[in-house]
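The two complexes that follow have chain A in common; it is paired with chain B in the first and with chain C in the second.
Moving on, here comes the complex of A and B:
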């Protein structure tokens, strides 16, 4: 097969899988708790800075995962406790509150690291021959990791006891509380999982992008579009949304130009908001 | 005792209010006297937005120039007062600030280091009423009334470096990639002419939306299959970093040379050492430029702002020359009268971060450097002395 088409096909897979993993934390918090976390991108940014710090301390790259889970977990716990908990079921208020939070986190990063670009070296450099073409190994690893993280979380949510408790909380919080489920703790835990997932996404993409305080904005937009198109509260919604947004963007960028690809993403998001606001997979 | 601690009485409140009112009016009383003594420069730099990365350097370099001039008696005996103003947002915001600076602050001169879309809007707003000095790199052909350009032009930045690359590196097929706005498109118009003159051809010309969250896997794959000898890059900021990292990640850096037209120290730090192979930059100033003037400028900069000073680079260091240009222009013209400034501009000389330059046709002839990247440092491999701007505006 034509190596150009093979490479573009892998690019497509890469675009879809990384978008799914970057939207995952947002999907958890937005889909299950109904909180539109505008600061999602800033948690990605924090994860990327963790990767940068770990690398500048000459530690193994995987240590960044631990550092990110610690920092994003702690921040997620504080944010849920102080900002989000009083605002559940007030979607507009949480939107404004998390928008303020995103400004604060960005300025915090600016105060600590400055506005300059930081670069994170690719932990697994090089390329590998694949189907008659060459592809960067790290991007292939990212595809596999993204699918594993998304798949793992979906299976855990479907099979585990905590998963079924969360589902009980989502469908009827009062009844879940009456059944002895601590809704408050469960919601806090869900929020923390969401921020940690965002941080992990940041660790994953840090070697591919300039690490700087504003980087989160680049990811949060496509993640929102993926959720709008896919629909909230289900794994199939997340995956189909990522496939449509990431896929159209990648295919049209490959076949024509990046401008058309970006244009297609915007048009799709508007069409879905207009004609099918609950997304492809609407929760009943 | 307890009652007295309850808080301010009505009398103390009234007293405080009166004192506050008096303080509030005081600056107003002093202002006219001080204003006559101050030479106000509206300094348009990026304080917000994607280019705000350069803001601290721009401000620091302008302050350095102002401090040096003020120590030596200021401009026409008046001390410079810089008014840093944001030009990092949409052009319409900058034009509002320009009107405010002209009407309320009565600025004497504008100095601007910002993108070309903002420059075009500012030229249309200022309408030549106040001298306006434009400083970074740009696409050429700005000849508006009472506007003075000390920026690198395509004739200076692109022609020598691209010709060198096509001749020395035997690069014939050139791929053009840029952000979609006026600077990349006009630069590429010029570049196409230079490519044709050197017997090369344009393999493809491509633009990505400016300010969108761009990614470059698809474009790099397309470049790989188009097999150019070199890529001419007019992407800026994060797009420039993303593109170059993706380019090297896909292994194209070994066979395809890259010449980037807005690649300075900050951007190179983002690109990183693994992605900067076979990458070139062409500018009139690098922080490690070899001239004595550049070394002295850097030493003075570090002496004033310390080791933690904002990273030096062309975007920022250009403001230093901008302030000195204002001094030379206004001193020779004996004031800020537009017609007198226009007449005085021809032949003025003034220091910049890279050395002393002379103005000709409201542009500047200058020495250009071609650098290759060694890790995250620039290594100057070729110096083009006294390159003409190619843009000579009539009086």
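Moving on, here comes the complex of A and C:
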């Protein structure tokens, strides 16, 4: 096979799988709790800054995962408690409030780290021979990790006791409460899982992205459009939405320019809004 | 009027009191305030939040900057074109609005996210299209407005632009279209059923906000002499939202107060107070959560004192001759509705081919309300025909069906809770009578029709105009909604359990009103009712629905004797 085609194909797979893992936290919070967390991108940003800090302290890269989970978990707990909990079932107010939160986190990062770009070194450098071409190892690792995280979460949600409790909460909160499930704690837990997943995604992509306070905006928009296009509430929706948005974006960006890729994503999002407002994989 | 003169006076005196430095600052922030007023209009009135409003400010700023540079020798040409730049922004906003609001009921996250994404796209284009926009460094050396000598002249230009924007906004807030925007934010479905095209109403609101941002942007370019991608981008978009929220998005002056206050404080304190912007973000969240009406909400008693007591102006007769729209027959032929695997209406054929009161009964899940939803266009039919007054209404959107003269009263009282009783009633009057252009005329808020007079003499609370509908009791809200449906002088009236949850006295009042309406309208009134005692008293003909199809039709006595009906109801209905 033509090595160039192989490289492009893996690039496409990379774009789609990282978008899926970056959208995962948003999908959990939006799909299960009905809360659109616009600050999702800022939790990704926090993960990326954690990676930066860990590297500047000369600690092993994996420590960044612990640090991120601690920070995003704590922040997620606080945010759910103070901002989100009073606003469940008031989607418009949550939209505004989480938008304010995104602003707060961004300004916070700006105050601490400044506006400049930080770079994070790739923890697993080098390239590997693959189907007649060479490909960066870290990107391959990321593809595998992304699929593992998405797959793992989906299996856990489908098989575990907590997963079935969450499903009960989503389909009927009052009845779930009456069955002895603490909906409040479960919702808080779900929110925290969502923010932690965002942070984790941030640690993963940090070495390949410019780390700066505004980086989250782009991610949250792409993740949101991927979810809308794919449809909420299922893994197949998440993956197909990521494939459409990530795929179109990377193909058109590679063929023409990043601006056109961005434009294509927007046009697609608007088309889906008309034609399949509930996404490719509509939940019944 | 008094408040308006006071605002003009303050605008004139301000630079004289504060001096040159502040005149310059305020001259800039007045332009941003123009955009913030538009944002307040979308958010505080029409109930959707554009997160990327800088796009329209920036677009006009770039167009204006390029034109001022191109016509550096004859700057007057560029000056005359300023309204055009604002109109381009308005047009872009209108088109975006039409595209996004095409999805019924959309005014939440999707719209906001697309608006935000568009503003980021605008930023990307502005930074990458070097040959036109000057790229990251922007358009430099834009000539200033001709004939302005000192800074206070520049200020007065901005202040005048802002006052024009405020006058426009004030007029729209007060006109029927403003009432409809507020109604739309509270109960979009109700407005559609009254025959209003809510997509277009939202697009117009967004377009007006684009125009206002465009006015600010078009003057910004010659005033500042430079236009950089920042004016299209995320930062300004975010600031506008904060300013409108802090000042008070629901009021006319709120966004202006917010912009001048927060904006100028920020420009002073950003560098000296550590974490100033973090504090502002916290402040914003607190405002949103705890004090949605902002600073203007605090100052409202003051405004009211300045404004003084409103004088009641005489009412105006609404046009319209009910005879011009004679009652029409409604007939469903083989209408099927499916949702997924479930068949909700199964080749339902019914006709209501004479004047009078008809009752539709049937066990839960028989498809009674679904039949109404199919008629009013809210539920898409898979097959069949719905004939109404000689035309097929199947496939028409709810507002078109409503416009043809199908009025509905929903089961749960559906009014506009935060509007006054008189505005609620006025919306019903506009529904079939007002042209689109007339919606700009504030006189329409004082419309009256003979039927309104009669209703108000029957129910005194309908004449207590300034109260909000939310303050009414459940029973009064039922009457209000019924009165609103009647005021459209419909050709057929669909009532879904109009007496649900009412006391015996209130039930009697509603039944009285229904009988009166049957005589007054002269058309068909179709009522879904569970209570057989009401059915016995009201119905001329009873229709029994079962499993999405018509089971029986006949007089009350005949239906009660029908063995098929008895079989369906065994052990069920009283």
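Basically, the second predicted complex is superposed on the first by the 275 of 284 C-alpha atoms of A that agree within 3 Å, B and C clash if a C-alpha of one lies under 4 Å from a C-alpha of the other, contacts with A are read in each partner's own complex, and residues count from 1 in each chain.
The definition used in the following text is that a residue touches a chain if its C-beta (ideal position, glycine included) is under 8 Å from a C-beta of that chain, and two chains touch if they have at least 3 such contacts.
Since this is a predicted model, take the numbers as computed values, not measurements.
Participant: Quick one: is A:113 in contact with chain B, with chain C, with both, or with neither? Answer first, second, both or neither.
Facilitator: Once the two structures are laid over each other on A, A:113 reaches no partner at all.
Participant: Tell me which partner A:138 touches in the superposition: chain B (first), chain C (second), both or neither.
Facilitator: First partner only.
Participant: Based on the superposed arrangement, let me know which partner A:259 touches: chain B (first), chain C (second), both, or neither?
Facilitator: After superposing on A, A:259 lies in contact with both chain B and chain C.
Participant: Of the two partner chains, chain B (first) and chain C (second), which one does A:219 touch, if any: first, second, both, or neither?
Facilitator: After superposition on chain A, A:219 lies in contact with chain B alone.
Participant: Is A:122 touching the first partner chain B, the second partner chain C, both, or neither of them?
Facilitator: first
Participant: Can you pull the chain A residues that chain B and chain C both touch?
Facilitator: After superposing on chain A, chain A residues 214, 217-218, 221, 257-259, 262 contact both chain B and chain C.
Participant: Tell me, which parts of chain A touch chain C in their complex?
Facilitator: For this pair, the touching residues of chain A are 36, 38, 83, 86-87, 91-93, 95-97, 99-101, 103-104, 107-108, 110-111, 214, 217-218, 221, 224-225, 228, 257-259, 262-263, 265-266, 269-270, 273-274, 277, 284.
Participant: Which stretch or stretches of chain A touch chain B in the complex?
Facilitator: 3-4, 7-8, 11, 14-15, 115-122, 125, 127, 134-136, 138-139, 208-212, 214-215, 217-219, 221-222, 250, 253-254, 257-259, 261-262
Participant: Mind listing the chain B positions that touch chain A in their complex?
Facilitator: That would be residues 50, 52-53, 55-56, 180, 206-209, 212-219, 221-222, 224-225, 238, 241-242, 245-246, 249-251, 266-267, 269-275, 311, 376 of chain B.
Participant: Under the touch definition given earlier, write down the residues of chain C that touch chain A in their complex.
Facilitator: For this pair, the touching residues of chain C are 47, 49, 51, 99-100, 102-103, 106, 108-110, 112-114, 116-118, 120-121, 124-125, 128, 234, 238, 241-242, 245, 274-275, 277-278, 280-282, 284-285, 288-289, 340.
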